[in-house]
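The following pair of complexes shares a single chain, chain A, combined with chain B in the former and chain C in the latter.
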Partner chain A sequence: MTAAERPVSTALLAPDRSNGAALRASMAYMVAGLGTVLLMGLLGLLMRLDQAGMLVISPAWFYRVMTLHGSGMIAAVLLAALGGIAAAVSATTPLSARALWIALVVYMTGNGFVIFATLVGGFGGGWTVLYPLPEHGIVWTLQAALAIYAGYFFVALGLLLFCVHILFAMRRAHGSLAKALAWRFLFSLGRDKRDALPRPVELIAVVIAIDGIAAAGAGLIYLVPLFAQASGAITTVDALFAKNFVLLFGHTIANLSIYITAGLVYAALPAYTGRAWPTSWPVAAAWNLIIPLMLLNYSHHLYADFAQPVGLQLLGEIGSYAVALPSFIVTIIGALALIYRSGIRWTVAPILFALGLWGWVFGGLGALLDATIPVNQVMHNTLWVPAHFHTYFVLGALAFALAYLWSILDALSGSSERRGTRAAAWLYGIGGAGFILMFFVSGANSVPRRFAVHLPEWQVYARIAVPFVLLLALSLAWLSWDLSTRFGSAWRATRRPVVGP
Partner chain B sequence: MIDLFVWEWEWQLPLIATLAIAELGFIAVWARRTSSGVGERRSWPALALFTAGLLVFALAVMSPIGANDERLLSSHMIEHDLLMWVAAPLLALGSLALVADGRRLPAALRRSIAFLARPIVAFTISTVLLWAWHAPPAYGLALISLPVHGVEHLSFIVAYIIYWWPLIATPSMLGGLQSSAGRAGYLLAGAMQSGLLGALLTFATSLWYPHYALVPGATVASALADQRLAGAIMWYPGAIVFALAAALTLRAPATEPLAIAG
Partner chain C sequence: MNPHTVFLVLIVLGAVWTACWAAVLVSSRRTVPFERLEKSETRIRITLLAGFALVAIVLFAVTLRWLPFRESRVAKMGAPHTIVTVTGMQWSWALSTRQLPVGVPIEFAVSSRDVNHDFALYDAHGRLLAQVQGMPGYTNHLVYVFPAVGEYTVRCLEYCGLGHHTMSATITVTDR
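The block that comes next holds the complex of A and B.
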């Protein structure tokens, strides 16, 4: 199959072939994101080896590694997702490569702060923002806490710049945000088709840009009083305010990753199945509903806080259930319908997309259980919680992002697929599933999360998990190596003149 | 700690003379280029930028910021920040007009600029000099010897003019980085290496430069607090400068064709 015949090329390239610069910036996002994922994954392996009793890490180092692994992974997967959505959108909507590069530099600067604060400064407070822990850790200084805040600040700022640019670009392309969100079509129950409908991926880009701005705004809002408190300008920050906003920021960012990468399924899967996935009324309705619902579900992480108003607790439960339904039903069922009897060839990208759908379903189910108040009271401080978010991160968002990057590099480079890489994609699923399953089993057996030292009776779960983590690491290393061999020619292909029609 | 700050200016005649000679030399070359009609970018803004760069240099070294650099490490770091991140890019921007047309430069100078402005060379020079001068022996020597201190500041200026050059020069000029990807990677590398030095200084648990604990009125504790502040001054504003530089130097792309037919 020549590059020109490759199915995804039509979904990637602008009709006038003018999105080369934006595509290069998008590829840089994805490569930077996935490269960071690899490094953070190695830190995850270290923690699991420690919990298995196979490697001894001091508690101080464990919490430094845990803080960097968690915040780094969320930032990295989001970065890869942002790159994917920018690449997909740029095929039909002009994006400024300049804006994308600036947002990337700012975002990566934030990552640098977090790395230095944890590895050099010794910060190990995880995501705790309540006085006195972040500012007065036993093994780190106030400056380390300030550096972490600065890191989050720059990440939020980078995200904000990206999302604002997407909104402006979409408004320019469609005439208004209402048109980019297909509102006339939506509110007429699909009868009024006077406006040109956005592609699903464009609609999703607008949705996540709105929620991304809300999340970044929440991050900047909670950081200001924390900076003020750390500098001594104010003495106290309302604890409930800080917790709500840090979760509105962090949880929404984590959610954004999975929803953005789900958007990539709409962009690429039709090319592999040979079937169109247009913006139908259910698609428009589901994704418009995501805008408010994604901002509500964070409060299921605050059920244990007795001071949280009951109304917000209920909203957390209802929001968690509600946000799952439209996207699940429309995206999962839509994707499965697209695949069913399509004669799809199970090459690397479709395998990874299918794994992503699987991970999203099971991670989502785990999340729904955790969002159920009586279950949450028992399970929230166990490894059940890392189980659910690792499921939809490793097997959901990351699998989708990898699949999409594969699609791009495959389409642009024109290199033929290696059989070993297809096997690596399946092994990625097996390694990921085994690794995650042991988290779920640990959680079901009440093994606590965020413990640096595990009791001997808990170590068996981690010991079983370790070979699966190694398998996951090896498959990721293979996939990354194969991707790297395609990267150069794909990058150059975005510069070459068009050959043919 | 703040009690140690003394509001005084430190006039240095050799430095004033050097800066005046630099300004006059620049004006001479600039005027000759203007009168001979060489170069498209000759302009008053170029002269203003170069002059502003020299003024910032003078301000950093002779104002109370520089006058306190032997008492407070934090003041010294502000001085260095001004030299590397304000004066150096201003001087580079001002000089840009004079070398816009590389063909008119002497061959040796052209070759030198082409070599020094290679990103890997420029990055290495700026990084090695920044880290070498912050090594305690070299830094300690600069604190007790005025000529060495002068050389330190001059080398920062030169090293960072070289660092900023590939970002400031357009792709068609000598040493200009060719792509946004290159510029973004170069900026991040610069931000990370200076950020790491700032972070190490911020989080150090012992004094790197014992000189500051020996200043009358200072203690080891106050010097350590000052050192933390100094590290933060190198680290945090640096990130903002690099973010601003990204906004200014990452250019909008030209419309480019793609390889694959849809």
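The block that comes next holds the complex of A and C.
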């Protein structure tokens, strides 16, 4: 039987009675995340129209929209990713639906504060909330800055609760975190197989939970002094200290999204190719290496801060190169090997997974170039930076998250696939590629990022990008509509046992 | 480093990657047992790991020769001929002088009076030449040799609030 004839396995995707409640909570994360992505995407379109000179908005509104778009997208993609990994893990590891819902409510409270700070409070300090700008806004108040700090506090707290729960659940399921990380197998170079190995997605869940806790901790270390200063307990905060911690927080949560959603590829792609993707020694080694490496590469955003110790600068470059190796050699090559001559049927989910693989690598290439210190001198803070992270957000993490949500809803609802939706998935790739390519072209032509007003000679790049953004928006809207038609029956299906083939 | 060269490198590497990716997708129409591929997969992984590690080491070594930090540039270009004090503030630049000589090392001592800024030098063709952060409480030193006479534009590349995009200044570079 070829993969084309083989039914999609529901064994890893669908629930039995034990995980239906956790799966519903996970689906709520994914739907809330992807719904927010749609809204934030419209704000992105608005900004690109403004930069093209096709729809002029005031700089005050542009920067408020920019702040909401950036913080909203980072939070939304991470939320969808967290929901995906919880759903994937819950198929074999019991998770507490209550814990997931509590973390979601806390996280969404943070999002509420961010929306309030920007739309009502007029805050336009950028998603990086780089100290001391939030307190020197001139056009917004200290209260608006405190509201955005509160928003970030609750988002970090929600992430922390989620990650702590994942670690407890994995420890309970495997006996210890060392076993959940396959350490005996790893350090014996694959010879000692006495412990039952975790599935790759379980191992990845532990990895990202550890880094998620580190990221949330960095966020709290950043925020506590700022609250202390606002209350008058301290007079000033060191700008370089603050910058290191806000980037360790922000850059790591942006990275988490792509690494979490890479875990979803391990969870779902084998079901479409009909080939197993077990926890081999390279998989265990790569993902254990990612724990420290993901925390090192943030400092490539501080190369222009010459006051930063040179050792940390060089560590940023080494960390950026190093983290790419296990990701590419093990995950990307592993996924391509799974697809190669597999007879896979190109339905919506595999199309989106394949697009995600392309975008992750292409965006990674742009990131690696920018992480090379002499290159960074002439590329950083131009549109090259949004180019690389939009590539592995739109055509990486988001594509993977959409693919995984599709897998779940498809398996649960049992609805047949529409041909138009497959076309929409490919068009999503074309729209996304054109959109990000114009960011790269703009960066190569030294167009600054975060400019409300573009010079006439810069506007041409945004004008070329606009039709691609529209194509991206329309294809995403089509995919979302099709997903929404499956959601009700899929939700109900979580309340009854589903038997895998 | 020319930004267009960087873009060309991205396009070449991206095209190679896209070709490999597309070949795998097209290949999927046929089937072979996965067991037959596993040895090749391991060989490809080891080859790529060795190749990429080598490239990373070479790139890092090149980086060490081209660091933009003060000591590295002074060692390469010589002691600064002129020191320019630069202070960033919402939303303008204060420079101790805006007339500078061509072909000699100039040191910009950049700080900020309020929030983080980024002192970025653009040539007359709109190309970004060099940048350094202006941070409250710190002074960062950028050493740069202007290659030609003419007008250069200073822009702020670190988002600094409502007037960020208006924060610019002009430097005139002349023969000594």
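Keep this in mind: the second predicted complex is superposed on the first by the 473 of 501 C-alpha atoms of A that agree within 3 Å, B and C clash if a C-alpha of one lies under 4 Å from a C-alpha of the other, contacts with A are read in each partner's own complex, and residues count from 1 in each chain.
What we mean here is this: a residue touches a chain if its C-beta (ideal position, glycine included) is under 8 Å from a C-beta of that chain, and two chains touch if they have at least 3 such contacts.
This is a predicted model, so every value here is computed, not measured.
In the overlay built on the shared chain, the residue A:L133 is in contact with chain C alone; chain B does not reach it.
When both complexes are overlaid on chain A, the residue A:A493 reaches chain B alone and has no touch with chain C. In the superposed model, A:S176 makes contact with neither chain B nor chain C.
Taking chain A as the reference chain, the count of touched residues is higher for C when chain B and chain C are set side by side.
When the two structures are aligned on the shared chain, A:N381 is found in touch with chain C, with no touch to chain B. In the superposition on chain A, contact of A:S231 is made with neither chain B nor chain C. In the superposition on chain A, A:R24 makes contact with chain B only, not with chain C. In the superposition on chain A, A:P282 contacts chain C only, with no contact to chain B. Counting contacts by the rule stated earlier, residues 3 of chain A appear in both its interface with chain B and its interface with chain C.
Residues 2-3, 59-60, 63, 124-126, 128, 130, 132-133, 136-139, 236, 238-240, 243, 275-276, 282, 303-307, 310, 313-314, 317-318, 321-322, 324-325, 328-330, 333-334, 336-337, 339-344, 346, 354, 357-358, 361-362, 365-366, 369, 372-375, 377-382, 384, 440-441, 443-446, 448-453, 455, 457 of chain A are the ones that touch chain C when the two sit in their complex. Those residues of chain B whose C-beta lies close enough to touch chain A in the complex are 179-181, 183-184, 187-188, 191-192, 195-196, 199-200, 202-203, 228, 231-232, 235-236, 239, 242-243, 246-247, 250-262.
The residues of chain A lying in touch with chain B in their complex are 3-4, 6, 9-10, 13-15, 17-25, 28, 96-98, 101-102, 104-106, 108-109, 112-113, 116-117, 120-122, 140-141, 143-144, 146-147, 150, 154, 157, 411-412, 414, 492-501. Contact residues of chain C toward chain A in the complex are 1-4, 6-7, 9-10, 13-14, 17-18, 20-21, 24-25, 27-32, 34, 37-38, 41, 44-45, 48-49, 52-53, 56, 59-60, 62-64, 66-70, 90, 114-116, 118, 120, 122, 126-133, 135-142, 155, 157-166.
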